[in-house]
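Chain lettering (A, B, C and D) follows the sequence in which the chains are written, and residue indices restart at 1 in each chain.
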Amino acid sequence: MSNKELIQVMDPEGRVDEAAVRGISEAEMMKMYRLMVFTRLWNTKALSLQRQGRMGTIASVRGQEAANIGMGLALGANDWFCPSFRETGTLFARGVPPENMLLYWGGDERGARPLEGSRNLPVCITVGSHVLHAAGIAFGAKISGERVAVLSSSGDGSTSQGDFHEGLNFAAVFKLPLVVAIQNNHWAISVPIWKQTATETLAEKALAHGVAGARVDGNDVLAVYLTVKRLLEEARSDYKPALVELVTYRMDDHTTADDASRYRTEEMVAPWRAKDPIDRMRAYLTKEHGWDEQKDADLVSECTAEVEQAVRSYEAVTPPEPADLFDHMYAEEPWNLREQREEMLRSLGGSGR
Amino acid sequence: MARLSMIEAINAALHERMAADERVVVLGEDVGVDGGVFRATVGLFDKFGEMRVIDTPLAESGIVGTAIGMAIYGMRPVAEIQFEGFMFKAFDQVYSHASRIRHRSQGYFGVPLVIRAPYGAGVRALEHHSDAPEALFAHLPGMKVVIPATPADAKGLLTSAIEDPDTVIFLEPKRLYRLFKEEVPEGEYRVPLGKARLAREGTDVTLVTYGGMVPVCEKAAQHVASEGVDAEVVDLRTVWPFDVDAIEQSVNKTGRLVIVHEAPRSLGVGAEIAATVGERCLLSLLAPIKRVTGYDVIPPLAKLEDHNYPSSDRVVRAIHETMEF
Amino acid sequence: MSNKELIQVMDPEGRVDEAAVRGISEAEMMKMYRLMVFTRLWNTKALSLQRQGRMGTIASVRGQEAANIGMGLALGANDWFCPSFRETGTLFARGVPPENMLLYWGGDERGARPLEGSRNLPVCITVGSHVLHAAGIAFGAKISGERVAVLSSSGDGSTSQGDFHEGLNFAAVFKLPLVVAIQNNHWAISVPIWKQTATETLAEKALAHGVAGARVDGNDVLAVYLTVKRLLEEARSDYKPALVELVTYRMDDHTTADDASRYRTEEMVAPWRAKDPIDRMRAYLTKEHGWDEQKDADLVSECTAEVEQAVRSYEAVTPPEPADLFDHMYAEEPWNLREQREEMLRSLGGSGR
Amino acid sequence: MARLSMIEAINAALHERMAADERVVVLGEDVGVDGGVFRATVGLFDKFGEMRVIDTPLAESGIVGTAIGMAIYGMRPVAEIQFEGFMFKAFDQVYSHASRIRHRSQGYFGVPLVIRAPYGAGVRALEHHSDAPEALFAHLPGMKVVIPATPADAKGLLTSAIEDPDTVIFLEPKRLYRLFKEEVPEGEYRVPLGKARLAREGTDVTLVTYGGMVPVCEKAAQHVASEGVDAEVVDLRTVWPFDVDAIEQSVNKTGRLVIVHEAPRSLGVGAEIAATVGERCLLSLLAPIKRVTGYDVIPPLAKLEDHNYPSSDRVVRAIHETMEF
């Protein structure tokens, strides 16, 4: 099908193409829903902590839960994931502890250390760069003969960066097991998608590089899951790289440092409230899978408790030692850092460690 | 005269230059409708319109490369890179082109371009938002690097940078954007590039510094004054080519030098200052030159930020060591 | 028409679609032919000077004369031209003195200084970068309201560079009067086009950015001229940016420092000898415009004399002064350069200037 | 032992490492079928195949960014940038990622990557083919920069660089590629990173240098020897972090220091050496430290190239000035 066609299996009222979702078990659907609910609660809590000065500048994922979670659950356990900075839900789906995410956004590098065995890259702030890292990981896997796929995720703005195009070209020329996902949330801070590119869609940028392209309703968690899963399978088994556009919307300010009212109106945002990914999935589960208000209330309080627990662990973490800032610069510390570390410790009166 | 913060002074300089010279255009990410993530360009879009205040796609090489072309054509582009840490996607355009097209064309084309970027640590930001990369630009033949330390200097230096026939890297200490206000001359106001400012006169020891470290050094100078040590504070303003005469004069007077910058120490601007002073003033040096700088590390996130950002305590300690040598 | 279709008005036997070329006067055709002949003679001479050690490393344009000259004559006098390093013929068509080109490739910066009033950028060695300069010049013209077009030229390899894509995106988003020409000579040093990209054509890369795309027989000077002229007109009058692929072939080594026999066979090159752009034009002029061997011999000796004259002027240029290397670094020389200049002059015993 | 030129020694190291460790892959422009524009990778493609010797599209950021990903995955990529002047299209990948991913992941991921590039002037090349940008990499926290001066060192240092768990910028002086041959150990051969080489022992003055300037300094040392001045030549080999002990010992012995590099003087590696020595050896210095370097200019094309490239005459003059101080 053409790159421009929008893939959707669940409409905003929660009506689903049952044939399309037959492959998804009820348990998997519940997992999707639960992760979306959890992510939104975590996100809301983190934003309020930020307002109270208990958290640093943070990028909200509200409205993008379906895109986040659909990607996360589509990935295989051995697949690699290369995020930018608006994939909190994907990282939760990939097993990153919620307190670690709080620690990182709270301004403590230690929160960014992946768990043992993890194949998630740390958050990449520089827009676009990590598409190339994903291509290189995919290349490494192909050279080693390991049949895994790599998923890179970035925003609509990243499609303007040279690295995005260089990465897609490498993926196409070397037939790498790479899927590049673009969360098109319509905004790059204040710059709307129509000022970012002159193309109708982002998926069609695949044509410039000869990779497969797909365009999905990013607020339809089932469509995101199914499409990304299929593309990852094709990448894994046929070395077929792809670009997939997840059409969604940034419901909050760009970050807590931003004020979107300076550049966009409520009229622009309103239509997207009706397309909320969580309401949509809830409506479907209620219609088709015996979900009800009581169960929903229980789920919410369950997740809320988990979030509160994560906040307590986050705030219980002992602050880093000053001299920790010298750690992890090299595998082996050279003389300049050793001397500077000692200089700091002397100035701290031998404190630190 | 109005009392302005540094960010207001920068905004005032942009308004003044755009009104005075229609060749001046501003381009970058979120500089237009939004007015800039730090509000440096607020009001320009409404006043001068989308043809002169340009919200670009998210591509730093595109911004700087396009600005170079505009400058070649005859415009006076002022390109904003949203944070200093993102300047490196455009580094080839600076290294290979902005700094070379005058030479490559043997003087036929110039690149009168200003690349502005918020600079340095001190605002509890994310990775890449607290860097101090001035040395990487200062080492490039053909480049000028300016870092203001006061609102009035910010206006006067930015005005001179925009009028300069060559490319100027203009780094704005985020920490000073709103730290204090001062009287800033209205209308056209120039501070010459290449001339340092004597922020404090003194006779015992010279502190050479710039940007966000100037208030830190002034505080340290006040502290040691109470101990009877009279420190002179030289604010370079133009980091490269720096005002070698001002540095030489001060060191020949005091015989002692402490260099202070937030950038990593090794191969930083402080190294060149120390080397230059060693070559010119060896005989007047009463003690080894000291460098108080950021460490050779990745600027830490919020929790450890202040431990890398040089404090007045660290400067005072260096002054003591220098005086006691 | 689709980006993939090859535009040709003159076939390898010199048969021409007369309707298509009606707009081109015989005088213009003679000018095209003369410039192609002159360029080839200059190029051959420069290569032999290099072998004799009288010239530096140089990039041959043999086989690309039609692409070079077609572009050069399609440009309006006020249009801007931004070359890479394989547009010698285009620069001749744009009025650059042949002795200056010898001087530059001979290792003397002074040869690169454009003539007063010139709107040609100097040779750009870094592949891809200058597409952005061209976009910026086009932007400057648009802002100033001057109705001119800008032509950027680079090779097939440049389409892999991020700057190429960033430039096309800027051109599309801001509707810049820019035409980006790609001389697809099938090779980037030893890397063939099929290892450079996975797409069938380079013209289709226009699709990623929403600019017009066209693909032309780059050995057909009439087609190159007509197509580039049309695209420049559309850029000038409608602010319609375009990407045009000129399909040609690099007949010589990459540069005099290269040995193509290491990576390509005579079988690969042979088919292109039959497509020679100069033979083709000569056949057409002979058939349709009363050209004959005598006229051709006269033209060749005329051009040869001009080339010899250029070589004499080139070799008569007094060598630069050592201290010239300090010139043109800034509009106003700062202390470090002033002192270093004096240091050099002292060490030369006050010589230099 | 075989007598090899530097380019042959580099090629030998690549063959040896690729045979010994299948995680080692080579990628870059023209490194495969062609064998590299300087022949550094000749024979690798036939021996190890297109999956490990990779001709890439023409995109430096793509080459380095992809190599970073390979390194994260667990490979040992050796990326070739065809000429040093083209490294800057990949500078963001080095500045923002290669040097930071270990820290960003708090030690979980490393980037064991070698970026090789022909370096420096002296071969009558085009623009961007004669640059000396080592200081730009040396200033980056987390980076290592190596520049060999002999064939044996080239093999031993490249081997160590490939085995190093962190990113190493490996710059190869073009001028030395084929200048001379020497005995180079066969098979596995390592020269440790971070350790300087005493190229010539002496007692009167120390010359600290590296890369293409080593033979120039040796020639100057021979010349002044005939005048009775005994110069010591320290070849840094690892430009950053450099061997501070070797420099300190030599300067404490001779009391005189001349630093020689072809890179632009201002904010060059020589500035850091001078600053460091000034901090540590001030009292043993008998004369101001001298720097003999390329000027702060764009490396000239062929006609003027030799006037920017420091000559042994310039070094001799500096030694005289230092001795006569």
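Keep in mind that, in the parts below, a contact is a pair of C-beta atoms (placed from the backbone, for glycine too) under 8 Å apart; a residue touches a chain by one contact, two chains touch by 3 or more.
The model shown is predicted, which means the values in this text are computed figures rather than measured ones.
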| item | value |
| --- | --- |
| Pair joined by the larger number of C-beta contacts - A-D, A-B | A-D |
| From subunit A, the most remote chain by mean C-alpha position | C |
| Chain centre separation in whole Å, for subunit C relative to subunit A (CA means) | 45 |
| Length of the line joining the C-alpha centres of subunit A and subunit D, rounded to whole Å | 40 |
| Separation of subunit B from subunit D, taking each centre as the mean of its C-alpha atoms, in whole Å | 31 |
| Geometric centre distance via CA averages, subunit B-subunit A, whole Å | 36 |
| Subunit D, residues touching no fewer than two other chains | 56-57, 59, 61-62, 85, 89, 92, 96, 103-104, 127-128, 141-142, 241, 266, 296-298 |
| Subunit A residues counted as touching two or more neighbouring chains | 109, 126, 129, 160-163, 166, 169, 173, 195-197, 329, 336 |
| Partner subunit C, residues of subunit B touching it in the complex | 25, 51-52, 54, 56-57, 59, 61-62, 64-75, 77, 92-93, 96-97, 101-110, 141-142, 144, 164-166, 194, 241, 244-245 |
| Subunit B residues touching subunit A - in the complex, by the definition given at the top | 29-30, 32-35, 37, 55-59, 61-62, 85-86, 89, 124-129, 265-266, 295-298, 300-305, 307-308, 313-314, 317 |
| Residue numbers on subunit B that touch subunit D, as the complex places them | 85, 88-89, 91-92, 95-96, 99-100, 103-104, 127-128, 133, 135-136, 138-139, 141-142, 240-241, 264, 266-272, 274-275, 278-280, 282, 285, 287-291, 295-298 |
| Complex contact set, residues of subunit A against subunit C | 160-163, 165-166, 169, 172-173, 195-200, 204-211 |
| Residues of subunit A defined as touching subunit D within the complex | 80, 109-110, 112-114, 118, 121-122, 126, 129-144, 162-163, 166-167, 169-170, 173-174, 327-332, 334-336 |
